[in-house]
Amino acid sequence: MDNLTSSGWRQALLQGFVAGLITVSASTIGMVELFGTRYFLAGLFTMGQLLLFAPPAVLAFSLAGKIKSQGISIVTVKAAAIGAISGAMLALLVWANQTFPLRTVLINLSPKLMGLLTFDRSLAEGALILIGVSVATAVFGALLQFVPRLYRQALLSAIITTLGVGLLAPLLFERIRNFFGQSVAQLVFTSSALQVVPAIIIFAASAALFYFRGKAALNSKPKAEQKLNPRQKMLRQIPLAIFLLILPMLLGSYLTEITNNVGIFLLMGLGLNIVVGLAGLLDLGYVAFFAIGAYTMAVLTSTGPLGVAQMSFWAALPICVAVSALAGVLLGTPVLRMRGDYLAIVTLGFGEIIRILALSDLLKPFIGGAQGILQIPKPSIAGITLISPEQLYYVILGGALLAAFISNRLRESRVGRTWIAMREDEDVAEAMGINLVRTKLLAFAIGAGFSGLAGAIFSPKLTSIFPHSFNLLISINILSLIIVGGLGSIPGTIVGALVLVGLPELLREFAEFRWLMYGLLLVVMMLNRPEGFIPSDVIRRELHSGDEHRAEV
Amino acid sequence: MSKKAFSILALLVVTSLLLAACGAPAASGGADAPAAEGDVVVAAGDPIRIASALVISGPNTDLGLDSQHGVEIAIEFKGEIKGHAIELQAEDDGCSAEGGQAAGQKIVSDPSIVAVIGTSCSGSGVPMAQVVSDAGYVMVSPSNTAPSLTDPAQAWKPGYLRTAHNDKVQGAAMAEYAYSVLGLSTAAAIHDGDPYTEGLANAFRESFEALGGSVVAFTAVNVGDTDMRPVLTSIAASEGGAPAFLFFPVFTAECAHLATQALEVAGLENTVRGAADGCFSAASAEAIGDAAPGMYFSGPDLSFSGDVYNQFAAAYQSNFGTAPISVFHAHAFDATNMVFACIEEVSVEGADGSLTINRQAMRDCLYATSGFQGITGSLTCNEYGDCADPKIAVYEIVDGEYVSVWP
Amino acid sequence: MPIILKATDIKKTFGGLVAVNGLSIEIPRNSISAVIGPNGAGKTTFFNCITGFYKVDSGEVLFDGEYIQNRRTDQISRIGISRTYQNIRLFNSTTAIENVLVGLEPRLETSVLDSVLRTRRFHEEEKSSVEEARGLLEFVGLKGLGDQLSSNLSYGAQRRLEIARALASKPKLLLLDEPTAGMNPNETAEMTRFILDLRDKLGITILLIEHDMRVVMGISDQITVLDYGSKIAEGGPKDIQNDVRVIEAYLGRGAASGLKDAKAN
Amino acid sequence: MKDRLKNLDLITAFLWLLRAAIILVVAWGTFKTLLSNPYTSRNWLDFIIFGIAQGSMYALIAIGYTLVYGVLKMINFAHGEFFMSGIFTATSALAIPLAASGFMDQHPLLSLLAIGLLSMLISVGIALLTERIAYRPLRHAPRLMPLITAIGASFFWQYYFRGLFGSQVRPFPTVAALQGSIPFLNTTVLKTHVLVVVVTVLALVALNFFITKTRAGMAIRSVSENKDVAALMGINVDRAISMTFATGATMAGLAGLLYALVYGQVHFFMGFIPGIKAFTAAVLGGIGNIPGAAVGGLLLGLFESVGPSLFLQGLGIPAFNQLKDVIAFTMLVLVLIFRPQGIMGERLAEKKA
């Protein structure tokens, strides 16, 4: 028991140090200052402050969960220690910055940041407040563990909901203003933060909601999975279909624009899902087919000097898909005999080759080189040109539905079985009479076709394309989104696209740290939920039998 | 999926396409009406809001961040307009077409935004000009230089202006200087596949050849390249002989590599080097270091604005901890001030202390800008939004400072 | 008896190591033949050469009147050679029936378009192949286990499933790589009976690698003994048990117990 | 032979055609280039020297990829960031202040040692931290998962260091002793290039000694052979893996110093492209194989330097230097079609069965 307590102390000190490291880092790299300009609660509480005080609270909360048995007083003291260490490290940073010319090296240690950290007071006073608040939040976090489970969950959910609403305040503000007018919107929000009273209401309401839901879940017995007949299944899809149809009217231009971007990535994700998720071919150069689709569309339809055919969008669309699929076969053939990581680097190379060729002076006379192709007309239906994001949304929705439909049907048929067999064990699949060449090329071709379709929609959406839109980051982003969503799973791909494409778009104003948060999200996600948000059955099984499977390899 | 589900899906696709066709009036008449009204009303006590859309993530960050700093300092210097504070909403254009489009959509969905400073990259500028113009807003770019953006036959849109120099102007100036002033008749040009550098290199080539010089090599490197010696060696061995003048209007990192490594390549020892404003920053000067003698830089003529610029530079250092990190902070500062001047001119104060700004008036005012004294020169906008002072100066680095040598 | 498989002087080396050295072998149709030999004798390599997984360095393999030494593995499978593996290699994340369905794959005819459009052909074929797969599972004694994950099956069941998958392509020649490895005497006896059934009921020629001499001696019509990649003996069970070189090869490596057991039988 | 021809399928034919086409283009380009002979022999020698210097750096970074791959069978996408973090920190926090204070001019060797040490130290620290937090918990997960955390870690560190030291280019102070060049055959070689090659060779020798002769090195090797067996033999697998990361990062930190000396500037994005190139080099040489990484790096450097002028110039391609990455990657494809296991890699496919 003694041993346990002493190790508990070491743990507490360590956690305090980690919390301090996080808060000091966040301050030093400038996140605190930038986020300090954004209020969660108007005039009261900024996102920067959240960054400073959430880490000790969260770490104290998790530590308290582990050492709860030691009793409330010891836990409180340890939590206080975590908070104190974290606060003290921040204070140390302020002191060091005042004493040494740190800013010549660490450029983000600005006077404004120091003001934020010391609450615009002297070092001593500021440090005291800083440590005090840290201790208070850490103790609060630890004490949460002693609240009965039902209440605790309700409380946590309410905190997260309120913070979420605060985070998305500018968007919600814009939407509410649009539907209900400026005055209503201003009741709830200032232009970028929650007002205090509504925040309390939201907090209380969500706490109550989660409490009663938790209670209801506790009381009711787990319902047996009901088998739905096809008719019921269909009925269930009708609200979804209606929702998808009216979505742009709810979202407004900007959010629809983001949805469109998500949709384009979703299209590509569905394609890559076939290549990587089903057929197991790790492709890091997937952007190549996106580029080929986009450039084909541009060359065929542009009304500028580089356009060759001035075709209509709809006439060019199948050509783009076919050209991309053909490119998939052509680029797929040389890599047929490569496995795993060799495949990855070669496909990455193909992606780069296509991008460099697109911007090269060699092909400039045909596709514009660095200056790209301009004047790509938007698609039109029945004489109406689809200009606004709300209109283009339907084209993208159509494409995405089609892609989801095709990939679903392929997966649940002999083709899908063959792909999965090949992914599981290429040699055995071949010994079972599966023609690997055909099967792989089919995966490459269909995957490339989807990507080409995305590209073909992408170029009229922008009306101009440049080689810089087709860089390695796109391939990486698509790969990440299908894995984070759940490899091999179509709903997973949708969620992945929403999180990895949609969320960063929504957080545009934090652009400087967007990629940092994106990276962090990938790591945290993989550590906590390696199978993705909505895993496919296959992957879930694989993770469970992971160890035996690996032993063989 | 069952057969029925398939038919539902098919129906859905068809309906959505139909809806898309009919959606036109619904969409433009519905949600985003403010653009049609054309007035921004700033209530008493509220700030005037402007937006920026510059590249603040990815490898080109310092280009956009530097411009954003310029905007922020302009706001700081200005303080307030007619009793209203000024608030900046900073967006990221991602230096990509899709980034520019998304940032543009976000900005035009906010009816309180009066004007936009952006974009950084020409590639983002093209789609954003479309979005912003369609919505009735106005944007002033501090660093788009692609000729197509102010070419009405190509990408120009009625809400688009810029304070950055059209590539044609700057490329021609450098050609003029090399050929006429330095008396060099052979040249080579290098770009890095960026639309900006490619456009500038091309403009230089055209002007230099028009003046009677010969361009012996026109080649390119890639962004991110570090070892420039091979390409420089092949230029030195050009068919027309080693060029007397080597122009590489690329950005800091590659520019410094080219500038220093050119001295180390056999055959280019006596070649005069030239770069453009992509290489016009404290960091560049430092990175070029000892290789500075014998190198010229084209850029806006800052000679007469010394005082304001010095104040500006001091504010920059104290706010952001460094000297200006890239080139277009001055253009951004001017663009922002141009916008302020027009807000002052067209805004109408209401009795309740509110301010009403008409979007069309704002556009007209900006296009009518004439003889505006900025730190990049005297700005006069033409009918397609090119506002930069056509006066380009040529500098060299003396003791780490850029010193004007021409005109 | 007519010969179904005839390998002539096949040779396979890896770097400096000679795995199969000038091996010639003839397998009579409708027989059960066994390949035995100490560990590392080249038995599995021989299987890999026949199935096209390895390209032979030299020599010829004649199967059912066709030379197959330069064919791809899947082509060889399609003309009627199927196999199982020493360390069971099932598609572990799929169900038992899906494993068998993959085995049926080469015989299916619907196209990708059929799959997407769900034509009548597709539904008919899917229905008949599922039926056939169920039939095969029943035949190998896995009735009712079709929806189990293959990795959740017992060891013996996995062996049977692997055979069912191999049978799905309707092979003329079935190669079994240590079908009774790791089984208890009961299971082994059952498997032995089952292998006999395969020949007698389905008329499939069986070629097996096996270490359990009781099995080998009990069911084989013909036994080939390999050592260091070369054939050192060939003949019926009686001939092999009395062959001096075979006994030496085994005794030399202290693996004679299996042989003795077999003799005691 | 006849039988072979009969069975020659479409794919093989296509691959042969592809190879033949690429080789034909290369040969034709080379022939045309040499025919017009735009370059003197001195030029060619220069190209080769530039290539070797650049390739040496690729080699040093590639070793990190290959070591980690050998042990964990994962592509450590964040390795380029290990390279960046070390020298970016050392330059911002040490080299620039040292140069400003004049200490660097007085004691150049001491300063460089200190900068190099700090660079390696930070690289190793970041590598160990990344391994501990982002990779170790996923050691038994399917291989795509650590790939994604590696990508995430890469983004994180890039922007973390950008936050610390800013987004602008930081010039690395010039070292007077390393300025200028020395004569060599009929040309001259930059002193920095000589330094790069010498240091790389020394580092490779030291690495070889470490891997083959020390206990830690042997632990790394046995873990890369077979983790389970190594664990049974009493080797602490976690320690050995950390050691692997540390070794790779040390090389990356060293490469960082050389990079800064040769190119004179550092910035937060500098790890990305060398990272990709080194990864290519590692695969080219046969990933998992240490000499392979060195050979791959060197070859890649040479092809990038000599390739555009030799193969493309004669074809009359405008701005041919722009296409040097196309050459690099085409060569990669070509090599892998001929030898799917890389130049010095072992043939995994056949061993596996």
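Side notes on the structure shown:
When the chains are written out, they are named A, B, C and D in that same order, and each has its own residue count from 1.
Methods note: a contact is a pair of C-beta atoms (placed from the backbone, for glycine too) under 8 Å apart; a residue touches a chain by one contact, two chains touch by 3 or more.
All of these numbers come straight from a predicted model, not from anything done at the bench.
Centroid distances from chain B, each centroid being the mean of CA atoms, peak for C. Distance from each chain's C-alpha mean to the overall C-alpha mean is smallest for A. For the pair chain C and chain D, the distance between C-alpha centroids works out to 46 Å.
Centre-to-centre separation between chain B and chain D, using Cα means, comes to 35 Å. Centroids of chain A and chain B (each the mean of its C-alpha atoms) stand 30 Å apart. Of all residues in chain D, those touching 2 or more other chains are 9, 162, 166, 318-319, 322, 325, 353, listed in ascending order.
Residue positions of chain C touching 2 or more other chains, listed in rising order: 53, 72, 118.
Shared interface positions of chain A, defined as residues touching 2 or more other chains, are 107-108, 356, 359-361, 409, 427, 512, 515, 539, 542.
Contact residues of chain A toward chain D in the complex are 25, 28-31, 104-108, 276, 282, 333-342, 344-346, 348-350, 352-353, 356-357, 359-362, 364, 427, 437, 472, 476, 479-480, 483-484, 487, 512-513, 515-516, 518-523, 526-527, 530, 539, 542-543, 546-547, 550-551. Against chain B, in their complex, chain D makes its touches with residues 38-40, 42-43, 46-47, 50-51, 53-54, 162, 166-171, 174, 181, 187-188, 190, 259, 262-265, 267, 269, 272-273, 304-306, 308-309, 313, 318-322, 324-325. Listing the residues of chain B that touch chain D in their complex gives 59, 61-62, 65, 193, 218-222, 224-227, 229-231, 233-234, 236-239, 252-253, 256-257, 260, 264-266, 281, 283-284, 286-287, 289-290, 321-322, 325-326.
Interface of chain A with chain C (complex): residues 406, 409-410, 413-415, 417-418, 420-421, 424-425, 427-436, 442, 537-539, 541-542, 545, 548-549, 552. Chain B makes touch with chain A in their complex at residues 1-2, 4-6, 8-9, 12-13, 15-24, 26-28, 30-32, 56-58, 61, 65, 89-92, 94-98, 101-103, 105-106, 108-110, 112, 121, 123, 126-127, 130, 134, 146, 148, 154-155, 191, 193-195, 197-199, 218-220, 222, 318-322.
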